[in-house]
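Got some structures for you, see below.
Next come two complexes built around chain A: one with chain B, the other with chain C.
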Partner chain A sequence: MYVPAAVLFGIFVFYPLLSGVRISFTDWNGYSQHFSYVGFDNYRRLFADANIRTAFINTLIYGIGSTIIQNVWGLLYALLLNRKFAGRTFTRAAVYLPVMISGLIMGYIWYFMLQYSAGAINDVMTLLGLPRVDWLADNHRAVGFILFITSLQYVGQAMIIYLAGLQSIPQAYYEAAQIDGVRVWSKFRHITLPLLSPAIITNVTLKLIGGLQLFDLVMALTAGGPGLSTHSLSTMINYLYFVSQNAGYSATLGIALFVFIMALTIMVNRVLYRKEVEH
Partner chain B sequence: MRRRMRQFGLPVLGLAIACLHLIPLYIVVSVSFKRMTDLSSRWHFPNYFYFGQFHDALADGRLFKAFGNTLTIMAVTAVLLVLIGSLSAYPLARIRSRFNRIWMSVVLGVMMVPTLSVIVPLYGTLQQFGAINTFWGIIAVLTAFNLPLCIFLYANFIRSIPRELDEAAKVDGCGHYRLFYTIVLPQLKPVTAAVLILKGLKVWNDYEFPLYFLQKPDNMTITLAISRFFSDTSSNFGAASAAAVLAVVPVIAAFLALQKYFVAGLTDGAVK
Partner chain C sequence: MFKGLRPATLMLLFIALALVVAACGSNNGADNAASGSPAVSPSAAATAAQPSSPSPAPSEPVTLEYATNASGGTLNAIKAIAASFNAANGQNITVEVADLGKDFNTQMTARMANNDLPDLFSTGGWAVRRFGEYELPLNDRPWAAQLKNEIKSVVTDTAGNIVALPMDIDISGMVYNNALLQQLGIAVPETWEQFLAACEAIKKAGKTPVGIAGKDSGDVAGLIGRVALSLLIQSANSEKEAFKAGSFDWNKYAAVTDFVANLKSKGYLNADYLTADKPAVYAEFAKDNVAFAFQSNQTIAEVKKLNPNSDMSMMRIPVSDTTTQPFLISGERDSIGIWKDTKHPEAARAFVDYMARSENVKAIAETYSIPTALNGSEADLGDLQAAFNKFQDASVSNHFDREYLPNGMYSVIGTTSQGFLSDTMDAAAVIKTMSDEFARLTKNG
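For the complex of A and B:
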């Protein structure tokens, strides 16, 4: 019963990972029959490369930044939408709907929002009497928009998981706190938050793994530009392979990304599990 | 004051939040129906429905082809994920052993492998098999990379099913595989719905793998076809927006029809 999965993992995951390590020690260009082994050259180059450093910092912003934003934002939504009011179901569906849409298409849609001449956001600027802005021309602003758009799109996922978490907290705890006259903030701090820890762990892990691999939104919105300033590590791998035709170097970055994501996810999980509460 | 807040404040806030998240969709629908010559703001929904851009988007037939390709890939991958995922999860859920603990961490490890980090060598692997530009190649890759989450979900679910039925069947002389397919599998409907929805969506929206492994125009999937619309030098943004709308509509329709299962699928195993 283990065989089909083991075969698939072996051929399509582990074998490529190993041959990736091999390719990372070469100067292969991606298509030629000829290449030579260059030892640790690619790795040395990786640590000195300013473009890689930029992509790495961007990846931290996209990954860790969106993890924090989506968890806080999603929890606020969940707390709000856990209360009964007219139109609650509609709001939940509207927040969750964009999660279904491909990040690539979302990126292209946002292009209609951010364009200079006909963009929807610049129309609002004009309406407010402000000058039009070329939103994606400045690299810091472009990185900020990518962070915002990915958070806006996927916050619904965090919200749904937090809602399920909130609904699994026994009501009796709140009733007891009510009798003892516990304040709203203390209730949140000492009942809600600790008992949400499984949902927090799930959300943080999901968002970290997703955000650190961000690819399609960047491809659609900026394709790494202006210059190479908004690349994530994933889009950088693609750039090095397709555009600079430097498969050896690209594979090196791939190995580095794999090790980095693995290490960070395991570390964060260790910390979070230690804080988990049983009930 | 408090009651007032509940009666008016919360619904208004809820509506504002809903609008914030629906704006991009509103804008793309507005652009897709608006004539290119209509230079009014994109916020201004046209007071006519112009289908010319939808016609442009579908005219050369590539988008239809892409829909067909994506559906094929999605259907086969989903079936494989259900069959292999549930089968692999069964012993994991039932037998506590050192081997199974290690195997489970291997499965979780595979879940964390970033797609792009193996894409260069994976391209080489597929080339060795002659699987570039074939459907079976991309189906195999998609199955391998989406399998871990399926195994994880199935294993969690099977653990919650009582063992008595298994054991009764075993006493009656039922073999392992027969036991699995006739006794266990039929009980897995809820989690199967979750797997089909989560993974169907994932495959429908997948971009990285087809970008590398399906480069022939005839083999294109929807995401590739859409990106072609936007990146062509002679970009017709009207047609591009229409194509984007056409790609999103089936997803939204499926979501509205199956909302209950979508939400259950997402939260199953997440908070337990």
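For the complex of A and C:
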């Protein structure tokens, strides 16, 4: 029964992975028919490379930072939009809408807003008599913008999952708590939060993987600059392969990123599953 | 079929399957590297060795894929030429132009990796260094004798094979805003001393002396390439021979980083020099806010689109001493190569020969007002005609990276320079990276 799926998995996942491992032991430039095997040189270099270290730290900021922001923000949206009020459907749609825009488009939209000479934000500042600011010129601020924009874009996804989770919690628990005179915060802490654990696990896993693989937004907004200071590991892999013509080293980084994401996801899932509550 | 097998056994089966596929699909690069033999297939070698032959019409209809990175007017001209070729050939040969745009580099890299290239492709400045391994020699074509001297060497590999048809020559230096210089009474500089004095006067007038699109590593590489060519090659203490011998002392590259640091510290660069893209720089030129850019003549055409009344021109690249003349850069721009393993070499040659016709070469060269690459076909250079006439005897050099550095260094120049401008790399780190990458890419060939 599962032979077709296994064959497809083998061809489209396992074979490329194996090829990646093989390339990571070469000095291949990415296009020539000539290359040599260099043993573990690329792996040794990986741990001493300052640019990779910067990209790794950025990746943690994009991955873990956006996971925290989107989960907290998404849960707050879900709690608010789970209540009945006029315009609820419109608000839900408005929050979710950016999810449907490609990260690349979102990056360009924000680039045009943050541009120095023709950016919308600087135009407003000029109108207010304030000096123009080159928002993306400072690498720390640029990393902050990337984190904020990716969180803003995908918070709607977290909200939808939390909304589904909230609506699956039986009302009987809340009614019983109401009768017992339980306060709002206690209801949230002892009923909502534990019973939302499947939604939390789903959201944390999805956001963590998405954030750690962040690519398109970085490419459109900063292209990894200034210098190489805002690269994520994913954009660095692209840079090393297609720009730096160092496919062997790029593959090494790809393998390292794969192992890192897999290890982190397994670890986080184990921790969260231990705390899962069923109803 | 696999019912009853343990997961571990299944995993072993997958590994075996993957290894078989990997073994079948892998290229023979490792074998070649190990044996030291060239990677050119016997069939390609035989094709390359074939004597000159006419291009007979194929007996069956043939479709050729022509991948190009051309854009704007050049792309339109290429499409028009392909359409007229298709019409002239009836159903026999059809050329389909694949407009890859910004994906050109990525897609061509992937296709070279798979040794599965389009029948015809633009070589975009890299006919020899990047694509040379995959191209059919074209020495026997009738237009080969017409190639202008300044471009012939650029498309000829070390074995003496002409590997692409160049249609135009990208002659450029720097671009400047003539209206702004005239308004401020500044003469076009010929030495860096004059250039820096001009920058100071422009800055004092509240304008931006130099525009850089720092978001685009290619633009920063353009600046550094020009400065390096002037300070390290076209100077009294030229390092030309050291570069050619691979023995250049990279500590001397500090002259280039010092120059850029000076431009930056004196406030001669646009305020958004780290984040501006090219359209942002064009827009400032169109508003007469910027005086100089280390860019090709394409900038003049782009600024004209924004402000038809703009008065922009081309200047020679200044030099550091009076014993050397300011110079221009001459390089490949719009060229076409044929994949050495194409199934339709005769049809591909027929199309390239058609492209080499005087009217076609002229049409492509005129889209960016640059000279044609073939004698006997001269382009109308429009507003730049006077500048080209003025500089017809100027000293001309190939691009710094294309002539003196291994393939791949262009991007290294760009990113190290971006790092230097943004203070994320100091001069020592830039020099070390340049030196290391020079060694790596030279080794990779």
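Keep in mind that, in the parts below, the second predicted complex is superposed on the first by the 273 of 279 C-alpha atoms of A that agree within 3 Å, B and C clash if a C-alpha of one lies under 4 Å from a C-alpha of the other, contacts with A are read in each partner's own complex, and residues count from 1 in each chain.
Here, a residue touches a chain if its C-beta (ideal position, glycine included) is under 8 Å from a C-beta of that chain, and two chains touch if they have at least 3 such contacts.
Keep in mind that what you see is a predicted model, and the values were worked out from it rather than measured.
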- Message: Tell me the contact category for A:11 with respect to chain B and chain C: first, second, both or neither.
- Response: both
- First (chain B), second (chain C), both or neither: which does A:29 touch? second
- Message: Per the contact definition in the header, classify A:161: touching chain B only (first), chain C only (second), both, or neither.
- Response: first
- Look at A:19 in the shared chain and tell me whether it touches chain B only, chain C only, both, or neither; answer first, second, both or neither. both
- Could you say whether A:137 touches chain B, chain C, both of them, or neither, answering first, second, both or neither? second
- Message: Let me test your reading of the model: by the given contact rule, A:174 touches which partner, first (chain B), second (chain C), both or neither?
- Response: neither
- Could you look at A:110 and tell me whether it touches chain B, chain C, both or neither (first, second, both, neither)? first
- Message: Between chain B and chain C, whom does A:234 touch in the aligned arrangement: first, second, both, or neither?
- Response: first
- Task: Based on the superposed arrangement, let me know which partner A:262 touches: chain B (first), chain C (second), both, or neither?
- Result: first
- Query: Given the superposition on chain A, which partner contacts more residues in chain A: chain B or chain C?
  - Reply: B
- Which residues would you name on chain A as touching chain B in one complex and chain C in the other? 2, 9, 11, 15, 19, 22, 30, 118, 241, 247
- Residue ranges of chain B in contact with chain A within the complex: 6, 10-11, 13-15, 17-25, 27-28, 31, 39, 41-43, 84-85, 87-88, 90-91, 103, 106-107, 109-122, 124-125, 140-141, 143-145, 147, 151, 176-177, 180, 201, 204-205, 207-208, 211, 223, 226-227, 230, 237, 240-241, 244, 247-248, 251-252, 255-256, 259, 262-263, 266-267, 270-272
- Within their complex, state which residues of chain C touch chain A. 1-2, 10, 14-15, 17-19, 21-22, 25-30, 32-34, 39, 105-106, 108-109, 112-113, 115, 130, 133, 214-217, 271-272, 274-276, 280, 283-284, 407-408, 411-412, 415, 418-422, 424-425, 437, 440-441, 443-445
- Residues of chain A touching chain C in the complex: 2-3, 6-7, 9-11, 14-15, 18-19, 22, 26-37, 115-118, 132, 134-137, 139, 222-223, 225-229, 239, 241-247
- Which of the residues in chain A end up touching chain B in this complex? 1-2, 4-5, 8-9, 11-13, 15-17, 19-20, 22-23, 30, 77, 80-81, 83, 85-88, 90-91, 93-98, 100-106, 108-113, 118-120, 123-124, 152, 156-157, 160-161, 163-165, 168, 198-199, 202, 209, 212-213, 215-216, 219-220, 233-235, 237-238, 241, 247, 250-251, 254-255, 257-258, 261-262, 265
